[in-house]
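Labels for the chains are A, B and C, by order of writing; each one numbers its residues from 1.
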Amino acid sequence: MRSAAHVAARELRLGFRNPWAYSFMALFCLFSLSLLLMPADRLQEGYSAAAGSLLNLMLYLLPLMTLLIGSFSLASEKEEGSWDLLATYPMGTFAFLAGKMAGLAAVLITVVAFGFGLTGVLGALAGKAPDAGVLGMFFAFAAGLILLFLAAAAVIGTLAESRWQALTVSVAVWFFLIIAWPTLLIAGLGLLPHPWIKPALAALTAVNPAELVRLFVVVKLGGGSVFGPEYYAWMNWIRGAGGTAGFLAVCLVWIAAALMFSHVMWERRRTHG
Amino acid sequence: MKKAKAVLILAAAILMISACGRGGDPEPAAINEDTDKCAACNMQVKDDGFATQLITKDKRVFKFDDLGCMFDWKSENPDADIAIEFVRDHETLEWVKAESAFYAYDPSFQTPMAYGVVSFRDKASAEKYVSGHGTGVVMDWAQLQNHTWERHKDNAHGGMHGGGEGHGNGATDGEGHGDGPMNGNGHAGHGEEADADHAGKAHMEGQM
Amino acid sequence: MLRAAAALLAFAAAAWPLPPAAAQDARTSASLQELVDQAEAGQTVRIPAGEYAGPVVVDKPLRLLAEDGARLVHHGPEPALRITADGVEVRGLIVEDAERRDAGTILVEADNVRLAELTIRTASRAVRMVGADGGEILDNAIEWAGGNVPVSRRGNGIDLYDSHRNRIAGNTVSDMHDGIYVEGGDGNVVEHNRVERSRYGIHLMYTGQTVVRDNSGSQNITGIMAMTSHGAEVTGNVFVKQHENVHSQGILLFDVRDSLFADNIVEGNRVGFYVEESHGNRITGNEIRQNYIGVQILSSAGNLIERNVFAGNVADAEAVDSAGNEVRENYWDAFAGLDADGDGRSDLPNPVNPFFLKLTGAVPAFQLFFGSPGMAFLEGLYASGREAWLEDAAPLMEPPETAGDDPDGRRPSDAAAGALGLTLLAAAVLNIWYWGLRRS
């Protein structure tokens, strides 16, 4: 536990003394503030165009940044040899991994908090503040995306041999999960008999963190009915307290599975390497 | 790797589950008033004796609030590969294969979209319905194919309607017919007779 | 002393055997029917405060004016109040009816009847008019009193069957089946009513020349459900927040012909306008705001859709098989037009991509991709049959002047957002300072 905290602290110091965090912060603030510039389109209560486009902007930006930063961070530990050094200390591999991910998560969430905070404050000063509940929901949405995609980044960083490889794989995974996802699923599931499409789609949605988080937020904003009669029962469930618990449970399973997998791979490297 | 395996197992499980349901005719789907709307007219499908459904060969289910809407849909989707059609017995609300059901028709019978065709599981109950109303004809499935589907609205304020022209009570059926699931077989008579009575009176007064 | 005498006198007066007219004054369940029976045609009858038992049948032209607190409380299989004579007026009565029946709480079977300022608490249909022409249903308050059953199992608020030229105005209906249901009948006017939390707010079925004007409502499954009707004028209505049900919409047109839908506001609905198999209608000057889907058009042609405002909808429009409509000069806030000749209209058309509606029509499960970033990408790739798409030939560059304020009138709180923002910002800055800038 203590060693994990040390690793996390190191990650935080590294993060906030490096330019990438600040350039990401600038980029994110730009996105976040662009909300205020949309004229009549204040971010209001509920699922609206402003909410939808902000959701999509975040889905483009956050997973990509998180995947890159997360996988780079792990791959470079290997490439630069700092892991070989750390491995000589009496520190568990899991503590190392968990600490690293926790530290990175803290850095990224801080960046996002800064962006949304600035938007809230400037919005209030300009008299066109977004709805506070929606702003809070989006902050939670961003944090969820960061945590889930950091877990994916851990796997990528574990498997990648170099930063270059981490970069290409990250971009490919991002493209697959965010951009190509509906296209591939529509093509693929279209081949299945009709009654299987819905369960298959549901199962696949649960393994795509971007879709999982997006659906959760839209439903929590009250927009679940837009997904039609097929999902009525689920939407009602997700909207309730059980849905939040279930969502958190799925996220935990996701993160735990990714960390476990990474842990096994690093252990193997530690003993065999 | 693990994930791929999990997906495979899941797919296999789905395959097995759906394989179990094979053989024989597809089962009728239940009506959910919260989510089902008529595939033809967009109205809510009530869980009453007028609901019908058809299931295509690839197991898509289409539900309708009135038998006439189902025929309307079939004429607009002539390419649909239909496996089976279900109607409900007006008395017990049990699902009956459309081809083996019997139908009572009269322009004055109230149905949600005013097509005036009511379905029954056997000929006897259809005949009973017709004799109970003192008007109407009984058809089987083959005869129903030649039926001209009309929404009997235009003669609503004509002069000639003895028993009352109380039809097409789409939404308001919630009162009369809506009782159906709650009190078994009494739902049809109670709603309709009350209505027909008032409608008839009103018309007679109107003519005087 | 004097006072005591006065009190004594009053007591004696009260105890004295009363003439029949005053008898109804007493708070017994004196029969309202007797009151009606004793009156002569054409008379005005005052109904004193008190509780009366139903049922009541009014079979001669009377004006029944209820005083404050006059309540008709009814149990039984007949309607609480049934009007069979032309020219009856009932005003101010409170009607409570916990019975479930088809005929309704108040049944009107006569012409030129006026029901005004009634309060109706019903477990059935509140007002049912059958073959009743030229009546006025004004300023009544209708609410459901049948307990917690789904709206689909409740009765209609005001229910017109084969009734003509009635005026339904200023009523409020909440928690019913259809707020105002008009089946058959020509020339009815429905205006300034408000319907909340019911199934359909205003439901037209097989009607002609109905006027639906300046009504409002929220949180119904559908605001205005216009079906198989012609010559309707639907103007100035405001329907917001029809979004809970998976088939919710602000205004639906199915098989509607030659009607006008103008200057309505639909905001925050699942679908603003849904148009199917409807022809020859004019849809103009409506404000379609903040809906999940602004407008869906299916299998419709020959409609004129112009000078509407589409703003803040998650998706502005979806359309299939609807190329044959005249669509022009609408304002679409999500569309980037180009106006080279400076006439205020874009030289580039705004095409409506049918892909998603087609896809989900075939496989409803894919509706899960609504609003997904990858879906926008896929739609961008799809351009087949482009000439058969519905498109706005000349979209407006700026919203027309009708565009007013948010009818909801609620603005997000600046203070709340500011406070949340400040908290987040402070936490972030503290974190950055602690780990990044602090010299330890």
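The definition used in the following text is that a contact is a pair of C-beta atoms (placed from the backbone, for glycine too) under 8 Å apart; a residue touches a chain by one contact, two chains touch by 3 or more.
Just so it is clear, the model here is predicted, and its values are computed rather than measured.
The two chains most heavily joined by C-beta contacts are A-C. The chain with its Cα centroid farthest from the Cα centroid of subunit A is B.
Between the Cα centres of subunit B and subunit C there is a gap of 28 Å.
Here the CA centre of subunit A is 42 Å from the CA centre of subunit C. Between subunit A and subunit B the centroid-to-centroid distance comes to 49 Å (mean Cα coordinates, whole Å). Residue positions of subunit C touching 2 or more other chains, listed in rising order: 245-247. Within subunit B, contacts with two or more other chains are made by residues 34-35, 37. Multi-chain contact residues, meaning those touching two or more other chains, occur in subunit A at positions 194, 229, 232.
Against subunit C, in their complex, subunit A makes its touches with residues 9, 12-13, 15-17, 21, 40-52, 55-56, 59-60, 106, 110-111, 113-114, 116-125, 127-132, 134-136, 139, 178-183, 185-186, 190, 194, 197-198, 201, 205, 211, 214-215, 218, 222-223, 225-232. Contact residues of subunit C toward subunit B in the complex are 84, 100-103, 107, 109-110, 124-125, 130-133, 150, 152-156, 159, 161-162, 164, 177-178, 181, 183-184, 199-200, 203, 205-206, 221, 225, 227-228, 245-247, 252, 254-255, 274, 276. Touching subunit B in their complex are the following residues of subunit A: 193-196, 199-200, 203-204, 207, 229, 232, 257, 261. Those residues of subunit C that touch subunit A in the shared complex are 243-248, 268, 270, 290, 292-293, 311-314, 333-334, 359-360, 363-378, 381, 410-429, 431-432, 435-437.
Across the interface of their complex, subunit C is touched by residues 33-35, 37, 41-44, 46, 114, 151, 153, 156-157, 165-166, 168-172, 174-176, 178-179, 190-191, 194-195, 198-199, 201-203, 205-206 of subunit B.
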